[in-house]
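The structure appears below as structure tokens.
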């Protein structure tokens, strides 16, 4: 069985395991206050062109989303998100369990526009009963989105400008950030993201680490007391150095970007080749998640050898499914998949 | 510098790293639904003599405490705990952040008694305004406790009997369970614990794993929907197999118990030798945490070569401190410490 | 200025004030444990044909919604609601502040259908990652809805049947229940509602009381410990008898139904007369809230003498607005409004 | 039966009922945005010598405590309170249900000292793991306390000075404030309280109103967005004018202070006369709650004609109980009680 159902099916980049083995019996302070975390934070700040940023390491995505958002908001405030946003649909109400409403906005491509945000905030304050609704205070976006789409630099700049004008924080969930930055349609760099958000994170779990997400906070208001929130939300890893070692390894020798580029290239190959054979797509994703629309009969056959995830029914005989590539995907597996699809057409 | 300040200063048992390396490029389902987790669960159920138990793997202790307790309680219910309990003092209010009050009871040795629990519950219902106070519904204990003490089998049985009579759940936090089971004063087995609690967990983070806690649920009421709570509280590890592999390795070849015994033996050596030199202790701990009372002047000198944690001021010139041994502690380090203390006496 | 903007612009039915004055210096137990509350509960149970129901009195609607829902749900569970539901849009995230997500379903008329609920629950459990989303456990409806529409008896029966089949509770918010029961299109009685819900409430605030909502719980599971939740959510009125006196007065001499019928008749008059003059409506409401679509220029003029609330922009020159009648509305005011509208056409 | 068990056994001052009747059929805006609320706020700001204060009206004490505290704190912050504080023991964990821990400090008389607060905050920041515990951010006191004791002006000033030095808010729960201000031992005025707290409230429920608490916010940080929190916590009364009318009436013609003085005088009479007969007291309360220690046998007899509340067992044959006077207490009832106690001695 070949797994294309997600981008967290393997372990981690071998260099990480080597470093874990080398350092295994060292004694270090706990809770992220060791030298490896400091070293990783330094590399990340450099990569982001953000020497003043605060960098914290957490274990997983849901935990990170909850910790960042809950640390930023007061009880009466909520977060704007695309209706398809991970926080709105795939975290078992983790954010609501912290007391905050997801203010979901419709989106066909998983992205929010500056205009949507501005209109929503304006509508809130225009309502004479505005205190009877949750105050919008943060915008949550992901890049790439749940649908694989990405923000162009101009879009992000515009969105951030609106956020500042309206007094909202902008938070970018980068669980798959490497795959967004590495794709051919991307025109943004890490420093662009650091300059155009208040806080974002660089995903490790899906991009070469065993686990781990690196939160980069550039807005000073959001830096204060952040570690209390990590602890309160259960994200303060006792052996915090495990996160430091992983991110240090990923940000050395350009690894994070190289392994992302590998996944991006294979996804592009998959997309291009399927397009050539006449396959259409549920959404035009430029990144490592591809959503082809395929005949149900073909999907039944493909299931025998491949895992993929179901996205949506398109018509009576076709469904959209999701294939993911990742840092560990083998080109021969992509080739095999393409051949099998062609053979079944 | 030699670290005695905690039991999570090193990485993990080398056999775990080996298994992680061997399995690294395998593809598996995520979120704990892989074969390694199943295998580890099987071993743990066998070790607990609890074939019907549900076993789940989480990343860390605070997360586990919150997930277990919040999954069991309704909003108006609280949890009885010793005032020194980890949930009451060292989790940044994580449980309150889930909406539940810690109902703290006084305890000199970190333990709760059956009598205390019975009296507290009786007092609750005897109050005609009982609905104006939080309903006690769960008892939280840790074994070993924060002060290194352990429950004797008879004590746990009595406590559990009271819990069942009064309609409360009994939850045992076993973050350091191995060290409790391995100490010479212990008279309990894993099956004893499984039989005399509704839910407990077996700590990995402090006992040989990189991270991880194995929750064992024996009460059917508490099994229902538990995975929703893991996800909601941010504890569902994408690459869940990392937990399975670690616990499978620990519960193979008796490793968990052997490495625990190592730590216990070194702690006993430390305790015995210090006692011989006339040192007294803040609390009479039989496990891997030892709390000697030492002169402040000596502590200043020791700090140059050792880390330890501060516990309490005892008098104007003496403080109680904590030294921890663990699975990775080197006997030569204990010897060095003992020699240095003797030399400074 | 004549107020049509809401149904809580006046004080209360004069008979209530009389009873408050008569009983003012009596001494009674607090927190709803007095004879007036008992008397009111008895009358309500009789009116509902539900001798086994538990009846509790709370102060206001948001408080009641939160208390009922939070008392019924565990942390990982959420409540299905029409997207327009009061809990979803007009309570400042009160429910999320208790930790629960509103699972909003689209609705043009403010109602939920049995089919929608069934489909939503089925989709939840069909998803292999179902534990990554909030578990649907309760259905919240209001009758009349926020848009003035009502459920027909057959619709409610069908909805309740689906809820029982799927293991969900059905909760009916009756903040304006009187106006729903009294309108000419209604075919349900209080006993019908009691038989076809697990819990509902009878609104007092908008129907003749100074304040107060009477919660009627028929499902035994939901009766347990309910008073803890009232206290925890801040709804346990010290002088609880004030609620008992009000509801006792309303349910004596058929007052609740008579004053509701008054409001219903005036709303029907407003609707019928406006329809005759060619006015169309944003939604076809049979109850005390009417949503005519009027020219913006006319609305500007009407504002000089009347208050009403803004509902939605319909086209460049027309808006939908809301006029409410209530137990206290004077027919001469409705006549004046109708005349002014006709004059401005 | 004569009720001394609480200070909320009667309805309200007759002048309030008169005003409610006079204004009953007026139409006003809802949610506290009417002229009566504005008028009452003006009177209260004058009485407090605090023209810049924000004044809000809520329905009950638990609701007010929760709303004020939750509006002031971020998730990782907690509130210092005497262990006997109402928020800690008599609100069914309402504050924890909002996510915040009560940081309870021991107190024999229900009061906190400036030294206690300073020591607690210093200890928090001295701990190197301070982020593992809840951050103290607010001090909650009540005046009078749950035990009837009051703060002297010098004590409050000192406490407030410490709060400002340490960066904590000071919140004074004045559910019984009138009875504190009116007692012969008091040396504070309303303006003293306004100057030496960040926020406090003036209780109406226990001092002449049917219900209602007037929150006075002097710290500008705490004024922002407060109405969102009122709504979120279920405290925004639809017919908000009911609160305005009540407080306007109480603060006209010195009523609030006169009726408080009546209760204080009767409590002092009760205390003085019991003292004369040799009765000792559980706590030396100068206000309307008196806690005599009486023989159990006598209490059994007294129960036949009087209600009072049980406080604590003192020895095998004696218990401390609580008798409350209030604005409505009849002197003849106090006399009867005194006579009966004397007769039973």
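All chains are identified by letter, namely A, B, C and D, in their written order; residue positions are counted from 1 within each chain.
Criterion: contacts are C-beta pairs under 8 Å (C-beta built on N, C-alpha and C of every residue); 3 or more make two chains touch, one makes a residue touch a chain.
From a predicted model like this one, the values you see are computed outputs, not experimental measurements.
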When C-D and A-C are ranked by contacting C-beta pairs, first place goes to C-D
Taking each chain's centre as the mean of its CA atoms, chain C sits from chain D at a distance in Å of 33
Between chain A and chain C, the Cα-mean centres are separated in Å by 42
Multi-chain touching residues of chain D, meaning two or more other chains, are 75-76, 91-93, 97-99, 129, 131-132, 228-229, 231-232, 236
Contact graph of the chains (line, ring, star, complete, other): complete
Note: in the complex, chain D contacts chain B through residues 75-76, 78, 89-93, 96-102, 104, 129, 131-134
Within the complex, chain B is touched by chain C residues 31, 70-71, 74-76, 98-99, 129, 131-132, 134-135, 225, 227-232, 236
Contacts from chain C onto chain D in the complex sit at residues 1-3, 5-6, 8-12, 14, 17, 20-21, 23-30, 59-63, 66-67, 91-94, 97-98, 205-206, 210-211, 228-229, 231-239, 242, 307, 328
